[in-house]
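The two complexes that follow have subunit A in common; it is paired with subunit B in the first and with subunit C in the second.
Showing the complex of A and B:
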């Protein structure tokens, strides 16, 4: 069905542009509010230490071939020792970390604040879009799509014969939601981009982090085979010097 | 560590500012970013910016960072009045700030009032027990008072928590070397090599420490690390070349009675000697005689 619908330019003036402008403004407002509400979070010494241990263990794994075998072995024992190795986390403690994180009032409050500041504007804007801007075709996507996308993109339009490229304003809303991140990083400075998608991903995988990564590092370390690279260096040094002297 | 391009850029800016070509603010920003210690220049140009009200207001909110930078530079050059003035200005603007508290502690340190400075730092640490900079200042204070063992203790405690801080490992290694505790120094250098394996400086220092420790195994390892330094620097490091020659002759002496494992050792030593001669000929022709006689005595 390749009929060309002609869309009124008034749609562009009164739907697409205002919607984008509103989303940009809401994003900026959210940024400032979050800055005001951000409380100084005292870093937990245990977590800091674990982070550093992980970095050190990773360095050991990565550059293991540069130090003599004896030193490597003694360090490996230091890390993965059954009794008091740094990376060894007995099973009981692993569960504890997660439970503690959720019961600690401060942390729960912080998580709530962060999530709220993201959920509320999104919900409100979405409801507003649905209420005011539904029931008509808002834009045409420049490339053809399959019929599968009809339910997603054409939600307010109840005609089944309209080409799937003609979408409702709800899809314009989603496009803006994910696409304005670049614009925000320009306006608000490099690190303050509204990384909605990142935050949504963070919401999912939270409390397990410390103990899981420790045991992951321990496994990685146990696997490493130490192959001392230094003897090779002697040959290479010879080659270098030969070139230099000749 | 500062890379070569950054170093050339810094020198260029420094020359430009020295010869009256402006650009003092960029120079100060670069010094701050690279954490280089050029206190006299920072003091001179920073003060010139701060004392000129037009230039000062042109900086906007960066003005306070400049105050902090100039205060630290003034303390380094023992201009304590300047430092006190800067600190007063900062205190007026940020009354409850930890950074200003740290400056206060540093000012007390500069005056030599160790006990008061200790008190200030302890109170700051109570509020925030994980402040890295304050821990390091306490170590520096212990070192300045000559209490090296105290410095070692606090540095070790610091490293138990922040074990990925390679600057701290480097400081600890240097302290151990100054106290001739070479085994511990070797451990620290191994940590440094692990965290930054392509920096030839650490290989060289590690090789030096191993050579000083002595013993056949250490000598052989040390020779390998001198070789890796040569490889990483493209053969331009004179110390590594000399190190190779010394190591080979020392190994030869120690293992006189046993079987010499001849893998590739003779070639490396002769090549290193030749490279050394070439370099001396280019750069210090008059000392070439000294070099050849020293090398000849080694090869025996």
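Showing the complex of A and C:
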């Protein structure tokens, strides 16, 4: 059913292009605003200490094969010893850290700011699109979709015989929302793009950071099988030197 | 080994060629991952514009997307001088990583170019 609708050129000029340009500009604006608004938070020494311990344990786990077995084992005991090992956190303390994290006013304010800076531009833009650009066909997507998508994509259009490929501007907004993520990561460099879903996940994981990751590291450290790689290095050095000399 | 790095290359050696214990420098590995991501995003945007201008519709467009991704993979492998294990830890990374992320950008630019050119 390829009834080709002829769409007005003015729609191209005044709907598609301005909407994309506005979304790109808002993304750039948000990036700069978040850079300016980043308040420097004095790090809590206890949290930093725990973070560093985790990093040390992770390094130990990664490079375990480079140190002799005895020293590896002594380091491991230092970390996961039941009484005074650094990674061993009793259950009572774990809950405390989580509660403290959420009631800390600075942390809560930071989270609120980040959330708001995500949500407000999206909401505003969506309301703007709905208000101005509703009730007409905006674009044609080049691939066919089933009838179920009709209600989602053809919001303002009340004709039921129009091909589902012809979509309203609301769906153009959503298409831009997802597709410009890649563009932002190219322009703004180093994935400062809209990682909104990733940030949401990070927000949820904040409170658990100290206790859960400590026990996770401890388990990981316990699992490591130590296999000393260094004895073979002498043979390898000999082979390399032989190649150089001959 | 260090003398072979050319200055214009942006992929860094992330594993020493040890015979028995493979070790990876995480920083270099992450840098290589970033390179793959940027390459794929860029290629999917360009591919989207090309697909729109050429007028692909429906299935043909998605086949074109897979073609562009395959070309990107081959290009990346060729850049790594065909010794993938020196730069990445598994084949899957260089072939499959970033596939889905590029898809949305591809569809956006495909729709954009198709509309501007064909339904003007």
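Throughout what follows, the second predicted complex is superposed on the first by the 195 of 246 C-alpha atoms of A that agree within 3 Å, B and C clash if a C-alpha of one lies under 4 Å from a C-alpha of the other, contacts with A are read in each partner's own complex, and residues count from 1 in each chain.
Just so we're on the same page, a contact is a pair of C-beta atoms (placed from the backbone, for glycine too) under 8 Å apart; a residue touches a chain by one contact, two chains touch by 3 or more.
Since the model is a prediction, treat every value here as computed from it, not as a measurement.
By the touch criterion defined above, A:134 lies against neither subunit B nor subunit C after alignment on the C-alpha atoms of chain A. Of the two partner chains placed by the overlay, subunit B and subunit C both lie in contact with A:236. In the superposition on chain A, contact is made by A:244 with subunit B only, not with subunit C.
By the touch criterion defined above, A:80 reaches neither subunit B nor subunit C. With both structures placed on the common chain, the touch criterion links A:67 to subunit B but leaves subunit C unconnected. Judged by the touch definition given at the top, the superposed model places A:215 against neither subunit B nor subunit C. Applying the stated contact rule after C-alpha superposition, one finds that A:181 touches subunit C and leaves subunit B untouched. Residues 236 of subunit A are contacted both by subunit B in one complex and by subunit C in the other.
If you check the complex, the residues on subunit C that touch subunit A are 18-21, 34, 37-38, 41-42, 44-45, 51-52, 56-59, 61-62, 101-102, 104-112, 114-116, 119-120.
Put simply, subunit B touches subunit A in their complex at residues 128-130, 160-165, 187, 190-191, 193-195, 197, 221, 223-225, 227-228, 230-231, 234-235, 244, 263-264, 267-268, 271-272, 274-275, 278. If you check the complex, the residues on subunit A that touch subunit C are 4-7, 9, 12, 16, 20, 65, 139-144, 172, 175-176, 178-183, 185-186, 190-191, 229, 232, 236.
Residues 42-43, 45, 48-49, 52-53, 55-56, 59-60, 62-64, 66-68, 71, 230-231, 233-238, 240-245 of subunit A are the ones that touch subunit B when the two sit in their complex.
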